[in-house]
Amino acid sequence: MKVSVFRKEQFNSAHRLFNPEWSDEKNDRIFGKCNNPNFHGHNYELVVRLTGEVDTETGYVYDMKILSDIINEHIIDRFDHKNLNLDVKEFKNLNPTAENIVIVIYRILRDQIDSRYDLKIQLYETKRNFVEYPA
Amino acid sequence: MKVSVFRKEQFNSAHRLFNPEWSDEKNDRIFGKCNNPNFHGHNYELVVRLTGEVDTETGYVYDMKILSDIINEHIIDRFDHKNLNLDVKEFKNLNPTAENIVIVIYRILRDQIDSRYDLKIQLYETKRNFVEYPA
Amino acid sequence: MKVSVFRKEQFNSAHRLFNPEWSDEKNDRIFGKCNNPNFHGHNYELVVRLTGEVDTETGYVYDMKILSDIINEHIIDRFDHKNLNLDVKEFKNLNPTAENIVIVIYRILRDQIDSRYDLKIQLYETKRNFVEYPA
Amino acid sequence: MKVSVFRKEQFNSAHRLFNPEWSDEKNDRIFGKCNNPNFHGHNYELVVRLTGEVDTETGYVYDMKILSDIINEHIIDRFDHKNLNLDVKEFKNLNPTAENIVIVIYRILRDQIDSRYDLKIQLYETKRNFVEYPA
Amino acid sequence: MKVSVFRKEQFNSAHRLFNPEWSDEKNDRIFGKCNNPNFHGHNYELVVRLTGEVDTETGYVYDMKILSDIINEHIIDRFDHKNLNLDVKEFKNLNPTAENIVIVIYRILRDQIDSRYDLKIQLYETKRNFVEYPA
Amino acid sequence: MKVSVFRKEQFNSAHRLFNPEWSDEKNDRIFGKCNNPNFHGHNYELVVRLTGEVDTETGYVYDMKILSDIINEHIIDRFDHKNLNLDVKEFKNLNPTAENIVIVIYRILRDQIDSRYDLKIQLYETKRNFVEYPA
């Protein structure tokens, strides 16, 4: 009797997309306005999905308050009102595309959530562009 | 050529989370403000997903009007503007967490929908907390 | 150079609509399923609007963090995960319709916000039913 | 390290649901008001999901600008502000139910997207009725 | 103690924008793709706002069930799943722009709502284009 | 017969809130995490409201395509994927709070829109924090 539970959180960050091994021209051609060296930003919406058995005593798969606290301590406090390129160590050498951000968030949270729960992350960069990992 | 079709409905209910076999202290520690003995409530959003073959004569997997009627007769009429703990017999001895509610809804609808259709239920308790069954 | 600033918050409450001076029959006729004596509930969304001059030093009309703290201390902590009829003293003798709730919230917040700011409150009971005060 | 990327687009179309081999009575009985011979219409929301490996040089699964251009050229330009029954050749002999529209969109886009990417389409006819293909 | 109460409803219609006194070329230049002679369509969202005194016996400005019934009888039943140009008599000689639709809806509802209530209508043609009357 | 018409657009920007005449300590105390010197960012949603007479020939108050083009040329092209503090000249010496941004947008658009139309701007910094000018 496995149920998936979902918790949505939000963070507001600046970022810039570019590959330091490429010329400015190539970065502009591939990343366009996302390559602005002065950065731009987004309201990121994060949906964390845990799948597991329902505990018969609590009726919970996972306490949403505890899940929210984990997300806040390990993701929101480190990503919110930050510059992903400059302030978040995982992106010092990794381009902060939505794809790379969602993988980084997955790996951080995977270490915090017991392995008997399946974990999946959705990340909305805008209402029209979003990603999911694992696929 | 299987397609999934989704229908969204809503119901507004009161509930209280607690385990009658626990002390008040333990219920408060585990369920916090959700354990208010005077109840609180939610606008629940329910998404019913049926998966099946497209009928070549109608172009439908399932008539959405009939699906809506089934959901209204078997779920909305019984859950909407009700106290889940006091008014809905399935929760007389079952803690009405989102996880337990989604399983109850699945079982009720599973009996109403021909077995050649796969069935999956999503239930939003708030915009930030929701569940899915089967996972 | 007056600007309006808006802050949205949410609370989840149980309530029942009825007039204790009426017969059960009349309460049922007027309030229908909202008169369930066991209560039902909603995710209320609250939008607080303050209008005032922009402070030239801060660029703020009002610090949104302070406004959020005021709303949380005086409204959310008292209304969220509560039974409006039983737990909130303002509704002991006042029917907790959306109209009456929005007036009560206005009066509570009006006492907390300096009079040089105009104040207006929107309250969403559902996505389809909402109210505003003052009109 | 496969990630799914999603792009949402919109088109506004007229359509009519009916089976030309049936009598008017049967069409009315099955399709109800959707069988209005003068048509009705919708704001369709389309979510295109591609799943593939993250390119290590770009950090992209797929360039969202290119995906948006493909969707616009092959779907939006042909479906938006059109009458699906009269203006879109795929529906000349196919009832434009949400199920049939989502399959048609999938087939059109499948030809435009390299086969190493998995493709899935969600189509919202209204906020309460939507479909997904493949299921 | 005047409060505004709002009720949201929806209708799905086909329409075409054009001025029959103009040439095809001028209609195309002014109305672009909205001038498709085969029609296109929208999910219109309608928000009806009534402003009045709160009744001290009910706590209501207006019974939302009665307001919803009035909107459904006089607007939804006549506009939903209809072709506004062909099926709705008010638009036989009036271009069904959002501006003209919202004025027509206002006039129809103004006749149904006691004059002691102020009335205002918002109409969403899409999420990005909407209108309000009176301004 | 004045009607208001609304057009919603979006831009994604980085910004930092601070007053250069204050100490770092005071900037931190007043602006908190919004004072991050490396910037953070938002998906800003902009709603432009024009109020005017309905043109009897077109049925329009204002052509939404023209309004969208004006907003894109004068606001989106200058603000989107930009750092408001560093890339937008109006904020070189003005703190880019939501209040100041909405006033700047109003002034830019006021010069582009004929004075017979009233103009009002709403700006959403997040779903929970937004502003309107003139109030």
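In this document, chain identifiers A, B, C, D, E and F correspond to the written order of the chains, with residue numbering beginning at 1 in each.
The rule is simple: a contact is a pair of C-beta atoms (placed from the backbone, for glycine too) under 8 Å apart; a residue touches a chain by one contact, two chains touch by 3 or more.
These numbers come from a predicted model, not from an experiment.
The fewest steps needed to get from chain D to chain F, moving only between touching chains, is 2. Counting C-beta pairs in contact across A-F and across B-D shows that the higher total falls to A-F. Centroid distances from chain C, each centroid being the mean of CA atoms, peak for D.
Its interface matching that of A-D in over half of the contact pairs by residue number, A-B stands out among A-B, D-E or A-F.
Placing every chain at the mean of its C-alpha atoms, the farthest one from chain B is found to be F. Separating the centre of chain E from that of chain F, both taken as means of CA atoms, is a distance of 29 Å. The multi-chain contact residues of chain D, meaning those touching 2 or more other chains, are 127. Pairwise chain contacts in this structure: A-B, A-D, A-F, B-C, B-D, C-E, C-F, D-E, E-F. Every residue of chain D that touches chain B in the complex is listed here, in rising order: 17, 19, 30-32, 94-100, 102-103, 127-135. Note for the complex: chain F touches chain A at residues 10, 12-15, 33-34, 36, 38-43, 80-83, 86-87, 126-127. Those residues of chain A that touch chain B in the complex are listed here as 1-9, 51, 54, 57-61, 63-65, 118.
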